[in-house]
Amino acid sequence: MGHGRPIATTRSATGIPTARLAIWWVLASEIVIFGGLLSVYLMHRLGHPEWAAAAAHTQTWVGALNTFVLLTSSFTAVLAHQAAEKGDGKKAAKLLGFTILGACTFLVIKSFEWANEISHGYTITANTFWSFYYTAAGLHALHVIAGAIIMGYVAIDAYRGRELHRVEIIGIYWHFVDVVWIFLFPLLYIAK
Amino acid sequence: MSEKNTRSDEHGHDEGHHDVPYFKIYVALIILFLISVAGPEVGEATGLRWITLITAFGIALVKARLVINNFMHLKWEKRLMKWMLTASLIMLGIMMAGVAPDVMNHEGNNWVNLAAQAAVERGLEDDHGEESEVVTVVEAQPVGFSAEASFGMICATCHGAGGLGDGVAGAALDPSPANFTDPVFWETRDRDRVLIAIRDGGVAVGASALMAPWGALYDEEQLGQMADYVMNFRPNQ
Amino acid sequence: MVPDLSWLFPDLVQASTYAHQIDGLIFWVGLLVLVWFLAAEGIFFWLIWKFRAKEGQKSQYLTGKEKHVKRWITIPHGLVLICDIFIVWGSVMVWHNVKQRLPEADTTIRVIGQQWAWTFQHPGADNELDTSDDIFTVDDLHVEVDKVYHFRLESRDVLHSFSVPVFRLKQDAIPGRSITGWFQPTMTGDHLVQCVEICGIGHGVMAARIHIEDANQHAAWMSAASAATTP
Amino acid sequence: MADTLVDVHHDEHHGPSGILKYIWSTDHKMIAMQYMFTGMFMAIIGGYMAYVFRMQLAFPGISVPGFGQVSPGEYNALVTNHGTIMIFWVAMPVLIAAFGNYLIPLMIGADDMVFPKINRLSFQIFLVSALILLASLFVQGGGFGGAWTSYPPLSAMSQYNLTDLGSSLWLLAVALEFIAFLLGGINFITTLMNSRAPGMKAYDIPLVCWMIVIASILFMLSVGPLIAGAAMLFLDQTLGTGFYDPARGGDPILWQHLFWFFGHPEVYVVLLPAIGMTIDVIATFSRKKIFGYKLVLYTAVATGVLSFFVWAHHQFIAGIDPRMANVFTVTTLLISVPIAEMCFVVIATLYGGSIRLKTPMLWALAFMAEFLVGGVTGIFLGASGADIYFHDTYFVLAHFHYTFFPIAIIGTFCGFTYWFPKMFGKMMNDTLGKIHFWGTVIPFNFIFIPLFVLGMGGQHRRIYNYQHFPELAGPEMYLLRQVATIALLVMLAFQLVFFYNCIISWIKGEKAGRNPWEANSLEWTTESPPPHGNWPEGLPNVYRGPYEYGHPDRETDYWPQNEPG
């Protein structure tokens, strides 16, 4: 609205920049959302040994490929942060572009994987394991999509040398999305 | 932001960058990742299940720690942050501890979760057979609509399977549910009125409010079939 | 020392062995709570009256940091804790007796909730459930006085709650689970059974009756009911 | 904020004009007012629902004026949405969002929230959620009627609840509302942590700000599992998954745990802001320093932490393992210790004061007096043995109305009448205010004391007509129900006095000036109402805590936080 940033935003009584403080709080709330879902899944999984049979139908190598993609995109995100710290907005934008590419790759792989599974009859209503599988991965994928879109905005700004501190903020969020997948991968794919 | 009566707190005064060997950490992450993928193979080959568990979840923890500490720079963050993230994890732990006795266990002090036990048994039996191609698919709603099945599932609770108004739940109702085999009942009814009653509830035709509206559950075609089914109970004049 | 609400609710008798325990617990908790409540409200209103604004009088500057002032908070604080311990002790004792313990049963019945009626499965003459002579009734539960009953609580569709106010008994029925509880009636009579967990639009009609009979009446009912069900 | 000194009164020229100016405003005070009035509008709807079903209960079967005959389905939808609206669309937006938005920046000497646009987004999501909820009442099948706790399988399957669309929309509205408050909460927490005026230390922050922020943290840490649970329930409703369906390996108890893991802290989420406002008002009008500032703060934190350990006392008889009930009885009774201590501190603050019984003070005192009733009756329900009898009776209902009514209604009126001069620049009429006060508080007791008695008599909840329960259909029972209903009608009628008072005071009330109550905290050091940017002459510095009343070294009995020396 043309008022610029309020003075309130520029203060830092804790010594932590406001945006970073806020993103940590966002993550604290995300931890309980994902954590709630995953701990519920874990309880069911431990109570239902027969789910191993359903889990055997997940394709580990697809999950593994996606893990690799996300780890790499996290790596480029942190390099972007490094570049932004040095004030190199163009390089930061380019590296963020790689991260967005990683996000898209992840989603493409995911959609092929899901299409394959659904065509074999493993739909979200097939049994409760599959319900959890699609819900947890779907919630994660929503975060990937949201992260990629926001990252696009940050990258455009960074390319023009504006709001470079946001590169770090979106990076922290992206690493969190990565960490969630780090736990989803063994929970949904490896434990059979 | 021309006027500044506070100390200058622009973002510039941040602690500055950290010298983290990002590439080395990335390589370490990839190696750990490969181990976690290979884990189950080793576990299966040696028959030691705990290897899989350690490579899967132990390594996940290590990887998460590496990312959080070095990529997210939590290592250099103020103590306050670490506390609040820990707090959210502790809250989760409390939740799990309180919920698990009921949800994870299938029996306990004076209760037993028969449905879950049956599900486990069913599933394990399936597993012993040959590679089951498709997991038993249970649809929430019957795929093909059948007026008879719907009547049996929903209406019969009160109206009885034979339409005599003698369903289990109907016994307590006042006024009691309609008896579709009663000629007196049909003196004032026709198919249209039955259809409206099914769709919009008893109130819509000036009858008991305990006859619920079902329009939200079925489409017009299905409602028509239901009405026809009810008409079948009508004794021949 | 048990409260008697019969002057207000003549129907609310204590008809099970643990009814007076629960009432007693409520009574003692009520007594403790009443003392605290009256003390707090009394002091509260007295202070409002005593320290109302008066012309030319300035308020006192008390920080609440001095030890002798803090006592006014710390001592009641400790007393609350002590009262809590008594209440916990009492309620755990009662809870254990009603919900955790299962005394040896004379008879086991099954209680099934569904939208919007109770089905009661009585074991019949052989006193064993799930045999051919079981007697099924809808919305009428027949029990014999002084016998210890176990009930298996189940539900066919949604959550229901089996509540017998005169027994002070209440337990939710959950689809998929079988929950066991017990009661021992101490007097004969006809009483209300309610569903107290919302179960849909017919929740308000889901009432049943419990008929507590002496041995002769119960035997008479059972032979009549068996005769009616045997083809 | 640019050119604050010159431009502050011509703020309208920036940005869009007309009504859009209000809708798209990022000013924290404007957003606070939007929350406040949306909340009050929803309160009117919630009150109307209460009127309809209380009439049905007292005079079953009559055609309720303004509604018509109440069918069982409609009755369930009314009680369900009354509860949902009053907690999620009245108590939360007014106590946390409206007062939090209005007070936090003003009280800590900042010009706005740290993220004004996220703040606006939060309100917009909230508004959408409110509209969805209202829409859910008018879809085919009617509004959701499975109680505000929404236990599956009833809530999960349309063949059981008969409100196919209504229940999904209800759930969607609640989930969106959670997201709105997560966004708002992050804003509150970050603002308080980072944007305090120079010189303001942690213990110089007015308690109401602390309370709102602690409440936001509680909300944030407890709501996560329920958001996940709500997503699962939504999939159960729409796609037909079986998360809560026992026939397919799901578990209905799970929802109860997830719901109450959030639901119990939620009680404290709304309680803490209300108690914070009460404490501020009591300090101002008794001209006293708080009896132990840190004590209040620590007890609030202790209450908040403990509130995560007590949730299953809502489920004692709901089919959880009976052994767990013992654990939760202990923790539940333990939580009475910090809450009692907080009440003691408030009572002790009155000692040695010079109490001015203005309208806001009356509300604050009424909050304490009435909340004590709610507090002590909670002991019966926390004690597992006694709860066997009281569970799901009107005793429970009366108990939580004795906590929620003081919180959401009395607390709101306390804050609203206290800050009205600041919000609108005019004094409220004190006589009308007192008429409204007595006309609300006295009938309130006449509504719920009869319901306590009915609950002891075994009257259970959510029954549209007691005709099928002969023991509960006696004339003395109906007399009690009618007393409650008539008291409600009286109370609702007296709210007209409030609205009249608001309008008449806003139009022709006397000018308030900067500091009509002679209070210390920072919001009273700027104009009434504060302009955009809050302090046109420059943001204040802070030199002391907010409760320095009656200091012996001072001529006057108050000492504003921003006065040097």
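We just call them A, B, C and D in the order they show up, numbering each chain from 1.
Methods note: a contact is a pair of C-beta atoms (placed from the backbone, for glycine too) under 8 Å apart; a residue touches a chain by one contact, two chains touch by 3 or more.
Since the structure is predicted, the reported quantities are computational estimates derived from the model, not experimental observations.
Student: Please work out which of C-D and A-B is bridged by more C-beta pairs in contact, and write that pair.
Tutor: The greater number of contacts lies at C-D.
Student: Could you state the distance in Å from the CA-based centre of chain C to that of chain D?
Tutor: Roughly 30 Å, centre to centre.
Student: Any idea how many Å lie between the Cα centroids of chain A and chain B?
Tutor: 23
Student: Report, in whole Å, the distance between the mean C-alpha point of chain A and the mean C-alpha point of chain D.
Tutor: Inter-chain centre distance comes to 34 Å.
Student: Could you grab the centroid distance between chain B and chain D? Build each centroid from C-alpha atoms only and quote it in angstrom.
Tutor: So the centre of chain B lies 30 Å away from the centre of chain D.
Student: Mind pulling the residue numbers of chain B that touch at least two other chains?
Tutor: Residues 1, 6, 84, 87-88, 91-92, 95, 99, 103, 105, 109-111, 113, 115-116, 119, 138-140, 172, 174, 210, 212.
Student: So which bits of chain D are touching at least two other chains?
Tutor: In chain D, residues 1-2, 71-73, 162, 221-222, 224-225, 239-242, 246-249, 251, 253-254, 258, 319, 322-323, 468, 539 touch at least two other chains, as defined above.
Student: Please set out, as single numbers or ranges, the residues of chain A touching at least two other chains.
Tutor: In chain A, residues 4-5, 7, 11-12, 14, 16, 21, 25, 28-29, 31-32, 35-36, 39-40, 44, 48, 125, 127 touch at least two other chains, as defined above.
Student: State which pairs of chains touch, listing all of them.
Tutor: A-B, A-D, B-C, B-D, C-D
Student: Which of the residues in chain A come into contact with chain D in the complex?
Tutor: 1-9, 11-14, 16, 18, 21-22, 25-26, 28-37, 39-40, 44, 48, 124-125, 127-128, 131-132, 135, 139
Student: Which residues of chain D touch chain B once you look at their complex with the stated criterion?
Tutor: Within the complex, chain D touches chain B at residues 1-5, 69, 71-73, 139-142, 157-159, 162-166, 197-198, 217, 221-222, 224-225, 239-242, 246-249, 251, 253-254, 257-258, 261, 308-309, 311-312, 319-324, 328, 467-468, 538-539.
Student: What residues on chain C touch chain D, complex-wise?
Tutor: 5, 8-9, 11-12, 21-23, 25-26, 29-30, 32-34, 36-37, 40-41, 43-45, 47-48, 51-54, 57-65, 69-70, 72-73, 76-77, 80-81, 84, 87-88, 90-96, 98-100, 115, 157-159, 161, 163, 165, 168-177, 179, 191-192, 194, 196-207
Student: Give every residue of chain D touching chain C within the complex, in rising order.
Tutor: Of all residues in chain D, those touching chain C are 71-73, 75-76, 145-147, 151, 153-154, 160-162, 246-247, 251-253, 286-292, 295, 317-319, 322-323, 325-326, 329-330, 333-334, 336-337, 340-341, 343-345, 347-348, 350-357, 365, 368-369, 372-373, 376-377, 379-380, 383-386, 388-393, 453, 456-458, 460-466, 468-472, 476, 549-552, 557.
Student: Which residues of chain C touch chain B in their complex?
Tutor: Interface residues on chain C, with respect to chain B: 99-100, 102, 114-117, 119, 138-139, 175-181, 201-202, 205-208.
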